[in-house]
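Dropping a structure here in structure tokens format, bear with me for questions.
Each chain gets a letter, A, B, C, D, E, F, G, H, I, J, K and L, in the order it is written, and its residues are counted from 1.
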Amino acid sequence: MNEKVFKKIRVVGCSPESYQKAVESAVVKAGASVHGMAWFEVVELRGAIQDGKASEWQATVEIAFKVE
Amino acid sequence: MNEKVFKKIRVVGCSPESYQKAVESAVVKAGASVHGMAWFEVVELRGAIQDGKASEWQATVEIAFKVE
Amino acid sequence: MNEKVFKKIRVVGCSPESYQKAVESAVVKAGASVHGMAWFEVVELRGAIQDGKASEWQATVEIAFKVE
Amino acid sequence: MNEKVFKKIRVVGCSPESYQKAVESAVVKAGASVHGMAWFEVVELRGAIQDGKASEWQATVEIAFKVE
Amino acid sequence: MNEKVFKKIRVVGCSPESYQKAVESAVVKAGASVHGMAWFEVVELRGAIQDGKASEWQATVEIAFKVE
Amino acid sequence: MNEKVFKKIRVVGCSPESYQKAVESAVVKAGASVHGMAWFEVVELRGAIQDGKASEWQATVEIAFKVE
Amino acid sequence: MNEKVFKKIRVVGCSPESYQKAVESAVVKAGASVHGMAWFEVVELRGAIQDGKASEWQATVEIAFKVE
Amino acid sequence: MNEKVFKKIRVVGCSPESYQKAVESAVVKAGASVHGMAWFEVVELRGAIQDGKASEWQATVEIAFKVE
Amino acid sequence: MNEKVFKKIRVVGCSPESYQKAVESAVVKAGASVHGMAWFEVVELRGAIQDGKASEWQATVEIAFKVE
Amino acid sequence: MNEKVFKKIRVVGCSPESYQKAVESAVVKAGASVHGMAWFEVVELRGAIQDGKASEWQATVEIAFKVE
Amino acid sequence: MNEKVFKKIRVVGCSPESYQKAVESAVVKAGASVHGMAWFEVVELRGAIQDGKASEWQATVEIAFKVE
Amino acid sequence: MNEKVFKKIRVVGCSPESYQKAVESAVVKAGASVHGMAWFEVVELRGAIQDGKASEWQATVEIAFKVE
């Protein structure tokens, strides 16, 4: 049957290096508990500042995975 | 006590027929893992196109269920 | 003179059958108290769930009617 | 090379019958001038009212098509 | 390594007393199934009306908790 | 028949004490002219400042009431 | 007592001349049925096109008036 | 048949005089390449500043035109 | 002349007690560096969680003050 | 070096005449305390009503100026 | 005359490497059919996941180009 | 006492290299006039195009700093 269903979860990845690492990290971590991840959507980009410099890149992503 | 609590999950239903089927399908599938579903909110409506025609109706719904 | 004015009201239609019936129902009911209805905009789509199935389709519409 | 590019156009489909027909109509009409249509997103749902009844269903969709 | 990851869940707290109780209740209930809760964001404030008076305060919060 | 219809009105309650009082006040006042109020949604929270202090709490709520 | 309450209505003013006329027209017309109007908020700006030129300016405003 | 279809394009008009001129200019320019323009929606209002004064009024409009 | 001008600043108040205290605190602190504060708008409500309980209420407010 | 930086401030201009005057007034007033203003964005349009007529036009603008 | 006009198109760039490449790719591809491109705005950031890893970076950009 | 207060400012960083550089640049520049910067939120991502290529990356960030 053709009626596919996906669930979505929101995950915040944090990286001292870049938003790309933050997103990659969020996806990999999410993959530890769900299977069939198919796509993600960036919901929010924030960051921490220490000693007057951007010190952490935080990306909130909504990850969709297929429900069998 | 009167302090009810609900959790919400996001589910994407897909149907080759209609948005109504897509929503119904999302709700039924969600019901396989959670109990006490009470209401849903349509968050997004999208679709796939094949051979120049709308071929799949995709509805993202946020489903609320009571936490006992 | 060409300075037309419309008023808008928000109405929530509910139907056990479909969003289309819910919208139609909202428009007809609104028509019982206002005249000159010209157009509507869908503001929100929600629904109720009973026994694990979508049991009611709720459409919030903003209806515009001409003020004479 | 893997760097795909899609363009998106906004199209408003209108139908005296239903939103589904309105969307289908928008997609088919768009297909007359662009190729490689892949997906669509519903951006807005409105409608016309005549004689106190919903008389036209208007769906604004954003259609994405692949650029070769 | 510094790549922290948080998950977020949406919870609706309801209280006959106040929004503050509704939020507190949502957080406590969420804590029964997840650990490492770090912050929350208020997403929506609604309420029920009975006998012409606000009778229930409903707060939807997005709660973030650390993933080990 | 099951096709319920609700109307919604926007009301701004103002209180020198708190947002809760402001909302309660808006609901009670609205009840003087409409019946069957069922729920409300908080749309906006603002306030006035006098002599360097928050002196008034203003809550805009959308109140839904059943149309018989 | 200091607990003021305002109601808000949405009105669409249309003018062949300008948005300013459209807003003024909406306010004046609304004043024919409500009293104590205090402020307005511009919600949407649209317009009609005829013979390739902007021919009508349409402003949707939310008007607040005091409830005695 | 009653299934009309409109396409929408986004155009930014700029005028040293006013937003009205900016919108009119956008519509006229758009009319040089499309036919059957029916309505527009103001999407964004911005402007340039020179020598401490607003020197240019920029209006982004979404223009809808009928597809034959 | 009647052309008043206000400036707006964004301030985040934090309180271990309530949102009301958080807002009051933000307004009072802002008053230490600006004069003529007239109104505020609540932009965001968040909070911190410690030991499984809401431990801090954070309110972001936009405060407007008159420019002489 | 090419890394330019701009700061943005929010200013509300009010005029008894028009939105254009309100914006112009906001820009000129802002220029009394900052230099290098480059562009503005209209964030909100509101107004006051007196004796049943629009009596003041209020435009909130976000003004960007270059940081040397 | 000073009344410049820009058109805007929406383009989705996809890259297996980064969002920067995705944006650059969208801009270059758009340049194949339009001239006078002046600026772009990032509208949405999404991505595909394969084998539990972010495998494609998708950036939707709105590109403005001058109309002669 | 535990009632911390933060102020937020909006800063636009521009870089010929990347969004990361643009954000870093905005944060560093903001640090020249404020102390106690704690976090930032990305509000908007735009860019300039020259000779058919993305030539500048512009990031608008909202930076929060503690008020002593």
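Note that in this section a contact is a pair of C-beta atoms (placed from the backbone, for glycine too) under 8 Å apart; a residue touches a chain by one contact, two chains touch by 3 or more.
These numbers were taken from a predicted model, which means no experiment stands behind them.
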What's the overlap between the neighbours of chain F and those of chain L? I
Are the two sides of the chain I and chain J contact the same residues or different ones, given that same means over half of the numbers occur on both copies? different
Among the chain pairs H-J, I-L or A-L, which one reproduces the interface of I-J, with more than half of its contact pairs identical by residue number? I-L
Averaged-CA centre spacing for the pair chain I and chain H, given as whole angstrom: 38
If you average the CA atoms of chain G and of chain I, how far apart do the two points sit, in angstrom? 30
Rounded to the nearest Å, the gap between Cα centres of chain B and chain E is 21
Would you pick out the residues of chain E that each touch at least 2 other chains? 9, 19
Considering every pair of chains, which are in touch? A-B, A-E, A-K, A-L, B-C, B-D, B-E, C-D, C-F, C-G, D-H, D-K, E-F, E-I, F-G, F-I, G-H, G-J, H-J, H-K, I-J, I-L, J-L, K-L
Please give the residue numbers of chain G that touch chain F in the complex, ascending. 2-9, 62, 64, 67
Listed in rising order, the residues of chain E that touch chain I in the complex are 19-20, 23-24, 27-28, 31, 37-42, 63
Mind listing the chain A positions that touch chain E in their complex? 9-16, 21-22, 25-26, 29-30, 56, 60
Considering only the defined contacts, which chain G positions touch chain H in the complex? 18-19, 44-49, 52-54, 57
